[in-house]
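Read from first to last, the chains carry the letters A, B, C, D and E; within each, the first residue is number 1.
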Amino acid sequence: MIIGRVTGRAVSSRKDEKLAGAKLLLIEELDPEGAPTGDLAVTIDHLGAGAGDVVLVTQGSAARFTAPTKDRPIDSLVVGIIDNIRLDGRETFSKSSGFARAGKRR
Amino acid sequence: MIIGRVTGRAVSSRKDEKLAGAKLLLIEELDPEGAPTGDLAVTIDHLGAGAGDVVLVTQGSAARFTAPTKDRPIDSLVVGIIDNIRLDGRETFSKSSGFARAGKRR
Amino acid sequence: MIIGRVTGRAVSSRKDEKLAGAKLLLIEELDPEGAPTGDLAVTIDHLGAGAGDVVLVTQGSAARFTAPTKDRPIDSLVVGIIDNIRLDGRETFSKSSGFARAGKRR
Amino acid sequence: MIIGRVTGRAVSSRKDEKLAGAKLLLIEELDPEGAPTGDLAVTIDHLGAGAGDVVLVTQGSAARFTAPTKDRPIDSLVVGIIDNIRLDGRETFSKSSGFARAGKRR
Amino acid sequence: MIIGRVTGRAVSSRKDEKLAGAKLLLIEELDPEGAPTGDLAVTIDHLGAGAGDVVLVTQGSAARFTAPTKDRPIDSLVVGIIDNIRLDGRETFSKSSGFARAGKRR
């Protein structure tokens, strides 16, 4: 899985019928200090994540192993909202106060 | 999934029988501002996407979870035509007016 | 899928029994102008592709969704020989005359 | 699979019900000399790995082929704690004394 | 699949029970001239490959499509020992004499 930040949304009205109702979030992968790694993903969400949230994203066939996503043509899914991250013994992120360091591109 | 632009087509007359009738589109991945990331894909389309369209592409085994693509030897599929993209609260793309910024290579 | 050029072959006499008879081709991925992207693959072929051919290669579990490759331990397969490629409205490749531009490394 | 070092943990209280109880570890991939390759993963662990441990991580659908992870929406799993690594005939890592060379970024 | 050189081994005594007895090899991917591409893998072997051997490695779910690896949590497997490689019509590698050129990092 990766940790990423929700940076936006995409809307598609003309889409495969098996994606009906799917909410599409734009994600940028973050390292544990909050810096973007440069990797991007478009992912499905059914946990209610919103812009700015730091989320756990599962990729590949794993995205279809939840009740709402079974057998849908998706390869990426938000499976958790991150509460906090600890790196080398110190807290680098908490949901209430954000990342300890401003995230710069790695 | 990724967001990409349809840049062209490929034609293959001598192909595996399970790809009979498949339409092959060339895709370049775009970031949410419309800049190419450098990643390319060749993908199947059954939604009627055409040159210049900004599309949602699913990858890997996910590409086989639609009615027309079940059990076919494909790893990439257009599953939506993008109507609009919002990034950090502003609209970066709409189908009618394109990307707000000209996309430069990241 | 990717588009690639067949650059050579590999031979393995001591191999898993489920690969018996498999023909191994070396592929370099090409962009739509014919320039190598730098990515390489070793792939199975049962369409009769040969050195220099420009081919369509499917990757991952998709490679096992053809009659001759079902349940074999392969992750890459030639599924088509490319006849022509059109990019941004002009033909960049045809089987008879090759790529319009000499391909340089991207 | 990859070899990586456990650098930290992430906690998510609001997550898909099929991840209930899952322990999330942050991993950085290492080369056989102990230098980070730059690739990161968030992985599940049920072997009791802790901060600083050098572990074997399986990725993709493979992560669901153990008893505790069957059918869960995960794409990465710690499947072993590394005891030692030999490269080109010499020991580069042992669990008791760590890597022979300090690991610098490749 | 990829072609790689066996550079070493890893040993893990504390590992998932479904990996009992598995032999872990360190692999560096090679291009057809024998130069390392920079990509690394840890792979399972049941063909008897040893240090220095040039091998064919299958990746992802494909690694579980052999009798000894069925349903095991692995994503990489040696499926062949390479005898020779031909690139653009000339032999670049044979098992008896190695690569024609000393391999430099691409």
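One rule holds for everything that comes next: a contact is a pair of C-beta atoms (placed from the backbone, for glycine too) under 8 Å apart; a residue touches a chain by one contact, two chains touch by 3 or more.
Model, not experiment: these values are computed from the prediction.
Novice: Return the chains common to the contact lists of chain B and chain D.
Specialist: Correct list: A.
Novice: Note the rotational component of the Cα superposition from chain C to chain D, reported as an angle of 0 to 180 degrees in steps of 5.
Specialist: Value: 145 degrees, nearest 5.
Novice: If you average the CA atoms of chain A and of chain C, how far apart do the two points sit, in angstrom?
Specialist: Those two chain centres are 33 Å apart.
Novice: List the centre-to-centre spacing of chain A and chain D in whole Å, with centres computed as mean CA coordinates.
Specialist: Roughly 20 Å, centre to centre.
Novice: At least two other chains touched by the same residue of chain E: list those residues.
Specialist: 60-61, 63-64 - these are the residues of chain E that touch more than one other chain.
Novice: What is the shape of the graph in which nodes denote protein chains and edges denote touching chain pairs (line, ring, star, complete, other)?
Specialist: ring
Novice: Head round the ring from chain C, going the chain E way, and note every chain as it comes up.
Specialist: Cycle of chains, anchored at chain C and oriented toward chain E: C, E, D, A, B.
Novice: Please give the residue numbers of chain A that touch chain B in the complex, ascending.
Specialist: 7-19, 24, 26, 38, 40-43, 51, 60-61, 63-64, 71-76
Novice: Which chain E residues qualify as touching chain C in the complex?
Specialist: Residues 1-3, 29, 31-32, 37, 47, 56, 58-67, 69, 77, 79-89, 92, 106 of chain E touch chain C in their complex.
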